[in-house]
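Here come two complexes built around chain A, the first alongside chain B, the second alongside chain C.
So, the complex of A and B:
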């Protein structure tokens, strides 16, 4: 029994650590329960889709897709255009998604192709690729828009006449998904339609795993050489995983931003990769294995900690800055921690499984151990 | 056995790589249900021949081949391995090509899964359909049934014993609808003797159902036992093609190496000569091991006690997986270990490879490519590396000893010396170790250990996967080194004959313990009894039927 309990702790080390942290931080922060509940519901609707976008590349053995930022850029371009054209509500969001689609597919194909050249180093490749594409995105948004790409609405442009303003208000589409089906339970606003979309994409992922191409993705994720020898088009399958991930990230970013109601033109997309990945890891996922429950648990835990840590920091130390610092610390630190814990877990399990093989099980072995020391 | 029309007919196959001829005018037929043993030394052209048969891209990239292949009555020139598979030729490779996290079924049907039909297929193509797991399982089961063994269709590959993996691979080839010929490359190399026997009877069963088999193996005993005919290749030529029945392993071996039995006779003579001089009882003990346990995956040592006399060649044998490999790996600190190891009266620190090396022990690992060599470095670096790291050899002091500077010239000289001594076939001391053949890599590993001038030298599976010529040279070198420098050698090998020809005393390991120690002159039956533990039949069941 005790070994079972121990295994449970080892299996869920990351999740347990964060549950404990939050259990301490919530009372210290002094934030009311209803506020937290409402925030979590909102944030679930806002972020879950983005985190789900990470699942397929993990299945395809490509690790955490830091390249999802590329999709977020595509989503933002779509939103900037519909804001300029003043298309509001659900049609506006749909059009933004349609605009983002070819851009996401192209960027995903590019990203996947480059990752195929850097097999085994997909994570850092995606990370750097996101930095590189950020430069191109900035060029498009700050120079091309308003000069080469026509922008009709002068309010969107910087005063110099070209380039998009730092903040773009999305008043036309603000929360139009979340409030499409108005639902209020016990005084809490529930973004029912966003949840339905999340349910649909979750179903898509589950169904996709069962398809032939999903099976190929799993195979390629475990052993590229064997899969290739069996005739599975490994490179093409990997590119497809990244394309789907990028497209989902684009749509996810649109859902994320319609909830917030504004775009930070130059920075909204930057943090999204980091936050989504941190949330997924806190949910108990690893570089090689992730599921939909990991996504949901991760989003809840990550955002709870995100919510309560500034207040907890302020109440403990008396400085709001500390809370802000703590947010940054949490999101970056958590990725490092989850990766380290994942490795520790792997080693522990390996040692555990071999425990009976050590020391021979004979009484003589104990003396022997002493002798060696 | 021979049907009127052979399934496969090779006519005048020849191939050269960049003007270097590796195959010349090789012709033979394989009939339906016939088992052909294809033997030859490393580099005799076996793998090139199979690459040609399978249409590997490397063949057409280097200018194609001469001659023609007739498969199933038609001339066949496969452009890719997939064409060969479609035509009905299956291949079981030496290394497992299975996906560890997939079940038996998923592996058998990898990329040939049964699919549910779906309207989406018209839009997105067949890869969008979901898998039909029920049909997949029944297809896998029927393929397994042809083998005559039991495999759990839902077991993950990574949880399987090694023999089951091999059967899964064969089942995968059988699962193709039209398979007529299966090529097996060293299928028994990773199996224990009893697992290998089950495999051989499976192959006989397949042949009786009309499937032709090409069996490539270094284990000549199995070739003689299993095959209908034996084809011997040497230096790219077909030397002989004769019925296996009535032939002997000695006969095949001499055809392979093209030497007379001279070499073999030499070994026998040496062995006889040694029996007179092996009065090892009188000598002092150099290494004593007590209650050693080693956690080496697949080779667990539970409780080993033994002592090695100064200047002797001590053999450690036993079946695969019983723990013989764990002993040197534990003593040298490469696997977690406990117990006491005493060298020259002082205990050796375990779990610390450097400490073991500093005590003047050296190890030639069975894992040549993983542990033994720096594959991307030259021969000179490889040979000098350990000596430089541990004993500060090949370093010259600069500024009165403030810095130690590597002496490339000294390393190069050392490498030249060993290249000559051990007949390492290479382009020079700078050639990358990864580009050498298996036998030459082993020689480099030996040279690396010799460069340490060790008191005790552990040699693990020194002849695994290398050809007969290189084998003799490696064993002769060990014996010579032992007699010239008085170095104590502990040799671990799965080939009993090899141990008996080289060692003074041989310990047999069974289930992680020493089952017994015999002089090399003891009759082979005595060794057999020790290898099988107390009850031979029980062992066989545990090894093969184990689930």
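So, the complex of A and C:
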């Protein structure tokens, strides 16, 4: 029983750490409970879909998909167009998703193909690809829109006559998903329809895992060589995982922005990858394993920390920036930690297997371990 | 035709395009009314500012640790050196020397720990380096808020806590290298002799180092670890040496940068400082696992040339400032190109 308890603590070390951290920070921040409850409900509706977009590439053995930012860009392009055409409410959001779809598929295909060229380095490649695509996105949004791509509404454009303004208001579609089914329990507004969409996509992910393609994907994630020999088209399967992830990220970004109600044209998408990945990892996921519960727990914990740390910092040393820096440190740090744990485990396993190849003698095994530790 | 094809394959298509682009910019400059001497002078100053940061990447690439996206750790060491030197009240050459000395101590300590960590994650260094760099920048941001610095030029005035976001080094050691033996021709042309000399001297030292026994051992670890192990080289130790060198050079590099730029940038300033250096060395022809000093020189010159020339030419011709977007596409495109290639190096 006690070893079972110990294993539980080891397996969930990250989650427990953050629960403790937040348990300390909430009283220090002095924020009221109902405020926190309301914010968490809102943020669950806003962010969960985006985090779910990360699940399939993890299953396909491609690690954390830093390239999901590409999908977010596609989603934003869709939203900019429907704002220009002044299509409001649910039809507007649907149309934005439909516009984003081909762009997401194309970008996902591109991203997957490039990652296939850099096997074993998918994460850093996706990370840099996101920066690179950001350059092209800015080219389109700041220079091509209004000059080559027609934009009808002059209010969307910068005063120089072309290029989209820094902030695009989404008044027409603002929170139209969240309030489609108005639900109020104990004074708390619940974005019921967003939750339904999240439930549907969760169900899709669980169903997809059980299909033939889903099983192939999992096999490709565990061992590329063996799966290839077994007749699984490994490269196409990997591309498919990234395409689905990018499409989901595009839709997720639209859901995210309809809740916020404004787009920061040049920056809304930039941090989405980092925040989503950090949330997933705080929820107890790793580079090779992630589940729907990890997503939900992660979003709740990450955003609680997000909410309370600025106030906690202010009350501790009188500077709101302290909490802000701390929050960013946690986001970056938890990603660093997860990557270190993953690579460390891999290196140790490699050394152990090399030691057995060498004849498996006790001194050889010891030496290899010494080299790793 | 065949030799042409081989040249393209060796040198790499993106690199050829970038070189041609830069030549086109320089060629167009006089026709669109851009002051060429001033542009060349700016390029020189920028090469002096950034050269050592590019150089700092060489040891880790050579030892097989990949592109050091965690160079911000070295930058942090440099910031600590600069701020502590100012706090201690040193000015002029003494201040500059003290800043470098202190930064090297921090650089050595950070580099040792960072190297130890990277030894445990062989093969996954680059992504981890990036996020270790990012999280250290954030930890230091908290530290800048609460460290007990007292010098009035560095701390916020009334009502603020901690150090300022940018600290001017004017009155301490601004332009100390740039103005050393400076060659001034006319009003627009200035050659930053001191900074270029320091860059050249450091490059020479690195060249010597990689021809010594230890330097050769580091190269062996990077190009063929199995062979290196068989020759009795302590792989982990060589890697730590290379990481420490990279971090210490990064610390020196940022101080040289600051004396020319005139400001110390704290808090989130160092966050993305590794990326331009990485892009520069890759443009110069380095691969993820191999870099030479020629790569450093060509890369620094091409990259800084593009950064200087693009905005002035585009402003003159199109009245549009697209330089930021072009910079993002060129630098990240180059990194992406290097990541997706096998370990081949351009000549």
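In this section, the second predicted complex is superposed on the first by the 337 of 373 C-alpha atoms of A that agree within 3 Å, B and C clash if a C-alpha of one lies under 4 Å from a C-alpha of the other, contacts with A are read in each partner's own complex, and residues count from 1 in each chain.
Quick note on the criterion: a contact is a pair of C-beta atoms (placed from the backbone, for glycine too) under 8 Å apart; a residue touches a chain by one contact, two chains touch by 3 or more.
Note that this is a predicted model, so its numbers are computed, not measured.
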Partner chain(s) touched by A:229 [first = chain B, second = chain C, both, neither]: first
Which of chain B and chain C A:4 touches, first, second, both or neither: neither
Partner chain(s) touched by A:212 [first = chain B, second = chain C, both, neither]: first
Which partner, chain B or chain C, touches more chain A residues: C
Contacts of A:184 with chain B and chain C, given as first, second, both or neither: neither
Set of chain A residues, in rising order, touched by both chain B and chain C: 371-372
Parts of chain A lying in touch with chain C, wherever the complex brings them together: 114, 117-118, 120-121, 123-125, 127-129, 131-132, 134-136, 138-139, 142-143, 317-319, 321-322, 325-326, 328-329, 332-333, 335-336, 339-340, 342-344, 346-347, 371-373
Chain B contact footprint on chain A (complex, rising order): 207, 210-213, 215-216, 218-219, 222-223, 225-227, 229-232, 354, 357-362, 364-365, 367-369, 371-372
Residues of chain C that touch chain A when the two form their complex: 69, 117, 120-124, 126-128, 130-132, 134-135, 138-139, 141-142, 145-146, 161-162, 235-236, 267, 275, 320, 322, 324-326, 328-329, 332-333, 335-336, 339-340
Residues of chain B touching chain A in the complex: 81-82, 97-102, 106, 110-111, 113, 115, 126-131, 290-293, 295, 297, 300-303, 336-340, 347, 350-351, 512
